[in-house]
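Here come two complexes built around chain A, the first alongside chain B, the second alongside chain C.
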Partner chain A sequence: MVKIRIDDRELEVQEGITIFNAASEAGIPIPHFCYHPAFVPEGTCRMCLVEIEGVPKLELACSTVVRDGMIVSTQSDRVRDGRKGVLEFLLAEHPLDCPICDQAGDCKLQDYYEDYGLYESQFSEVKDKHDKKVDLGKHLIHDQERCVLCRRCVRFLCEVTGTEDLGVFERGSHTEVNLYLDNQVDNNYSGNLAQICPVGAITDKDFRFQTRSWFLEEAESICPLCSRGCSIQIGYHPGFSRFSLPKRVYRIRAKTNETVNGYWICDLGRYGYRYLDENRATNLKARDSQSRIQWDAAVTLLSEKIKRLYYMKRTSRITVILNSALTNEELYLAGKIFQKDLTDVNIFFADAAPESGDDVLLTSERTPNRRGALELGFDLKPVDMDILSSQTDLVIIFGTHILETHSLSDLSNAMENIPAKFVLAPHTSDLDPMVDMVLPSTHIAEKAGSLTNIDGLVQSFQSALHPLGESQAEWQVLVDLGKELAINFKFYGQFSNPKNINREMGKEVPFFGK
Partner chain B sequence: MLKHLGFFIEIVKGSIITIRHFVVNMFYHILNLFGIKTKRRGAVTRQYPEAPIQLASRHRSLHRLLQRDDGKPRCVVCMLCATVCPSECIYIEAAEESDPEIQKVPSTFIIDLSRCCFCGFCVEACPEDAIRMDTGEVELARYGRGDLVYNLEKLLG
Partner chain C sequence: MSEKQLSKLFGLENSHQIDVYIEQDGYRAVKKALSELTPETILDLVKAANLRGRGGAGFPAGIKWGFVPKGVDKPKYLCVNADEGEPGTIKDRYLMTNVPHLLLEGIIITCYCVGIHVAYIYIRGEYEMVAQRLEQAIAEAHAQGYLGNNILESGFDLEVYVHRGAGAYICGEETALLESLEGKRGNPRLKPPFPASIGLFQCPTVINNVETLANVPSIILKGAGWFCQQGLPKDGGTRLFGVSGMVQKPGVYELPTGSNLRDLIFQHAGGMKEGKRLKAVIPGGMSSPVLKADEIDIPLDGDSLMEAKSMLGSGAVIVIDEETSMLDVLKIITDFYSHESCGQCTPCRVGNPWIRKIVHRLCQGIGGPDDIDNVRRLADNIMGKTLCPLGDAAAMPILSLTEKFREELITSLNERRQES
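Showing the complex of A and B:
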């Protein structure tokens, strides 16, 4: 440990770290473009200048290692003046097309100009022309005029994906970041380039001109598209009071989580957000009634049908098709109701089919909570069509993944003979016309709870978005159903949010009690 | 009888007010006639709507969108007007333009005049001088609310 002083603050920091890291640990912001915690410091942007007592010139905070007794100043007049000069050179060739730039609002050039710039331009020369719309690949557009040559993108492609598609070409004011030969940036992590670009040089095609970033609000959630459980930030539009927007969610970005995904997420998670708004089931629908039904009436009806079979000792003719996109709490409740309260119910799992993964983040399992289901003691049996078609009097289907593994005609043949059929799913699907009642449920982003990722890490999360329309989280429906069944009313009566359920689950299943 | 006397008193009161206004205004008009400047000016009756009113040049009237030389809207959909609008009555959607110098053009531009408070912030916020409120059109009464929703075509004129 060494003792240093940054801006009148005495700090005791680890030996060998840089001034930048020491300052950011202490919460002292230092402006920077090229420094990114995932990469080795490079010192190309020269924005992180600081003054060190006894050193004649301003030094770079990102690449200067701390020494014992070092006295650093990050806000002195000399430092501010130096940063202003750096910014003036960076902006000398910048096109200033903020009105059409998707980065406006998130842009570091804008922020630092407010903090350190505020000068009158001294450049009367015409700015250099570069290509304003280079197609970098499936998801990215590159504007060479806006680039500040921080080389974050080049380093990302060298150090993280190893594909090395981008390089820096030419010299002087003609310097530009471009593709090698006829390469394309088309790996599964390309979307991260748009996120790490500190200015608007690399932007998302998907987000291009959709909205302005200051309209969006960010909420944290967990990506449910594979079993890695990456932390994500959902950028959603709270909407205008008068005009209806085409969608709620405009972009998903990686949230830094050192233990799981680091600073990145894959393109599947980043651009696959359409499931949140498209084909959503928003209203309760009953096949034989035209009038609107309410949630309590629907749950009462469901519980009456279950109770009838329960009193006739025919619970073995109940089939429940769960999925492992449900949270730990929901699976725990489902286990309680269908395994403990009603014994010998047939429980199957219908999940998204596994696809090929990669060895960075994306796993081949495409469902977020398979490990959690295993830890809760489910055996994850796939759907047995014989039991569904001939030995079932009541079926409750969670989610619509069963359509991926079974053909529509098989399903409708099997379902024809079942007297009571219920679907609890966030999406409308071809199952809807087959069943008695469709109950709209929510996505991971719209509910709270916890998920267990492929390595057995239990991550809890809060709801990022409001449930759409009448939809309700599955845990709420299961708690209501448990209470309505009244086999063990007191147990379900204590649950008012996923936290209570989690606590109870932790007592019972030691894996979740850690 | 007493009741009728009451009416008579009110008529006299009203006449006094009318006469006072006449005399006071006449006084200022006469002063004005002789070139004597006063702080207060005599009232004038205008025959609106039969005779049109001359609006001040900075008067904020119905919006219009300005065009480039080739007839395309100048707007680049920076959405600063929609951001600054206190009554949230502007809605814009962007489209891609093939010219790399423009890139972004509006595909939808809606101003809901039934909500607009004519503050003029949109004009002030616009970095491209694409929206102005200088049409001089102030008679904006319509029979339906829908007629007050102005789209891109109507705003371009």
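Showing the complex of A and C:
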């Protein structure tokens, strides 16, 4: 440990770290463009200038290593003037097209101008022209006029994906980031470039001109599209009171999580946000009822049908199709109801089929909680069509993944003679016409709970979005069902949120009690 | 009294050939170093001789060699900076053209001293003939056992390669040179680490200018004391000054370090061209701050020029006469640096072209004294804030020229405004 002083703060910091990191740890902000914690400092933007006592020149915070007794000023007049000069250079040739720039409101150039600029422009020359719409690949557009040449994108493609699609070309004022020959940025991590671009140079085709960043709220969740369990930040529009919007979620971005995903997420997770809004099941639907049906009536009905079989000791005629996109808490409750309260229930799992993964983040398992299901003792048996078609009097299907592994006609034939059929799913699907009742459920982003990733890391999360329409979280439906069945009313009566389910689960399953 | 060491064979027929060179006592220094001296003694000698770098920064060569870590389990390299790009500088071309073997001798002794077995000569791309001469010299030296394995039966091995640049001024900056030599875009590296510990291919590397190395053989043969007597005690030896501009006899002159600038121009270079009057001198390559006619009574050594707020740089003396418009000089300076900025760091990449735009406008008679103030402000914002010395190299001449010739710049501007 070494002792240093930054501004008026005496700090004890680890030997060998940079001034920038020492300041960050102490919560002292230092403006920067090229510095990114994932990469080795390059020191090219020159914005992070600081003054070190006894050193004649201003030095870079991002690359200067602390020394014992170092006295650093981040706010002296010299520092502020130096940064102002650098910012003035960055803005001199900048197109200042903030009104049509997606980054506006979320832009380091704008932020730092508030902090260090506020000068009257002395640039009266004709600005250089560069290409404003370079198509970089399937997700990205590059505006070379807005580019500050921080090289974050170039370094990302060298150091993270290793694809090296972008390079720096020409020199001096002609310097530009561009594609090598016939390359395209079309790897599964390309969307990160739009996120790490500190200005509006690389924008996301999907997000371009869709909304303004200041309308968006951001909330955290966990990506459910593979078993890595990456932390994500969901950008959604809370809406206006006087007119409706075509969608709610505008983007998903990586949230820094050093133990799981670092600073990145894959494009599958980033651009998969549409599942949150599109084809959603938002209302309860009963096939033989003209009038609207309410949740309590639906749960009561389901419970009555289960109870009838229970009293007739025919629970072996019940089939439940679960999935491993359910949270640990939900799977725990499902196990309680369908394995303990009721016995002999046929339990199957229908999940998204595995696909090839990569060695960055994406796993071949395309479901977020397989490991959790295994830890809870489920054997994740695939659906047995014989049992479904000839030994089932009541079926409850969670989710719609069964459609990916079985043909519609097979399913329809198998389900034809089942007297009671329920679907509890976040999306409408071809299952809906086959069943008696469709119960709209939520997505991971709309509920709280925990998921166990491929490495056995249990990550809990809060709900990021309100459930859409009448949809309800599965844990809530299961708690209500448990209470309604009244086989063990007291047990389900104690649960008002996933947290207390989790506590109970931890007592019972040592893996979750850690 | 000093004697010419570097240029004494200039003009001798076929001085670039090894036989002629050996006839003139060539390769004696290598023989002496390899057979009589240990690497440690050579290092002490060069340190005692106060041989300062001839490339521009003037860093003492012996101290630089001493920075190379000992006992590292990695190869070490010597990179000879022959990317002579500083406008006005022509000395290394003369050296390599006339006495390539003198450079090779310096390289062999330096490598022996530091424990290096591979040396690269990074030569500017435009010097095609010179590069061929070097290749030929290397082949000759190989044939006679001065290069290759077991040089002169000493057990010391050395290979020397010539690498031609592709025309970028920035590749004369030592770390950009390394990047370029590694096959990458020639962008300067962030320092530290310094090349002495992490240089070419991540290995310890010595980078010296051609003329610096060409001084090593005479130090070996004649000693450190003699070398210091040739120049100044703290800045030994002679220097090659390349004089260009409005003089009678432009060319390369070898004079003791500390010689008078006025003497160089008016005696050695024959004075001003007929009918011309001296206005200003750029004393050490284009990036050195300009001196006015009344400031040239000054010894040509690093310390004296620094005292005069200029620099000795590469010893390229550019002589400007009364009829040359300083606004045009400013235009040439800003054109050059704006064209040669590598584009990596903000102040240099944006600042230089911005200044250039203003100066071009002023040359057309559009603008006013405020613009000159703005140019100074921008140069000041570049100064000291860039990743490599190119920023300072661009800012220094602009700051000095706009300070010392402000009145003239305004007058030229007004004249051009009336013309247009």
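The criterion applied here is as follows: the second predicted complex is superposed on the first by the 514 of 514 C-alpha atoms of A that agree within 3 Å, B and C clash if a C-alpha of one lies under 4 Å from a C-alpha of the other, contacts with A are read in each partner's own complex, and residues count from 1 in each chain.
One rule holds in what follows: a residue touches a chain if its C-beta (ideal position, glycine included) is under 8 Å from a C-beta of that chain, and two chains touch if they have at least 3 such contacts.
Nothing here was measured: the structure is a model prediction, and the numbers come from that model.
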Combined model on chain A: chain C and chain B, fit or clash: fit
Partner chain in contact with A:W214 - chain B first, chain C second, else both or neither: first
Cα-centre angle that chain B and chain C span when viewed from chain A, reported as a multiple of 10 degrees: 90
Partner chain in contact with A:G43 - chain B first, chain C second, else both or neither: second
Partner chain(s) touched by A:Y311 [first = chain B, second = chain C, both, neither]: neither
Which partner, chain B or chain C, touches more chain A residues: C
First (chain B), second (chain C), both or neither touched by A:S241: first
Contacts of A:K133 with chain B and chain C, given as first, second, both or neither: first
Least Cα gap, in Å, left between chain B and chain C after the two complexes are fitted on chain A: 22
Touch list for chain A against partner chain C, complex: 41-47, 49, 57-58, 60, 63, 82, 85-86, 88-90, 92-93, 122-123, 125-126, 128, 148-149, 167-168, 170-175
Chain A-facing residues of chain C, complex: 168, 170, 185, 190, 338-347, 349-354, 357-358, 361, 374, 377, 380-381, 384-387
Interface residues, chain B side, partner chain A - complex: 76-80, 83, 88-89, 91, 94-96, 100-101, 103-104, 110, 112, 115, 127-128
Touching residues (chain side chain A, partner chain B) in the complex: 98-100, 104, 131-133, 208-212, 214-215, 240-243
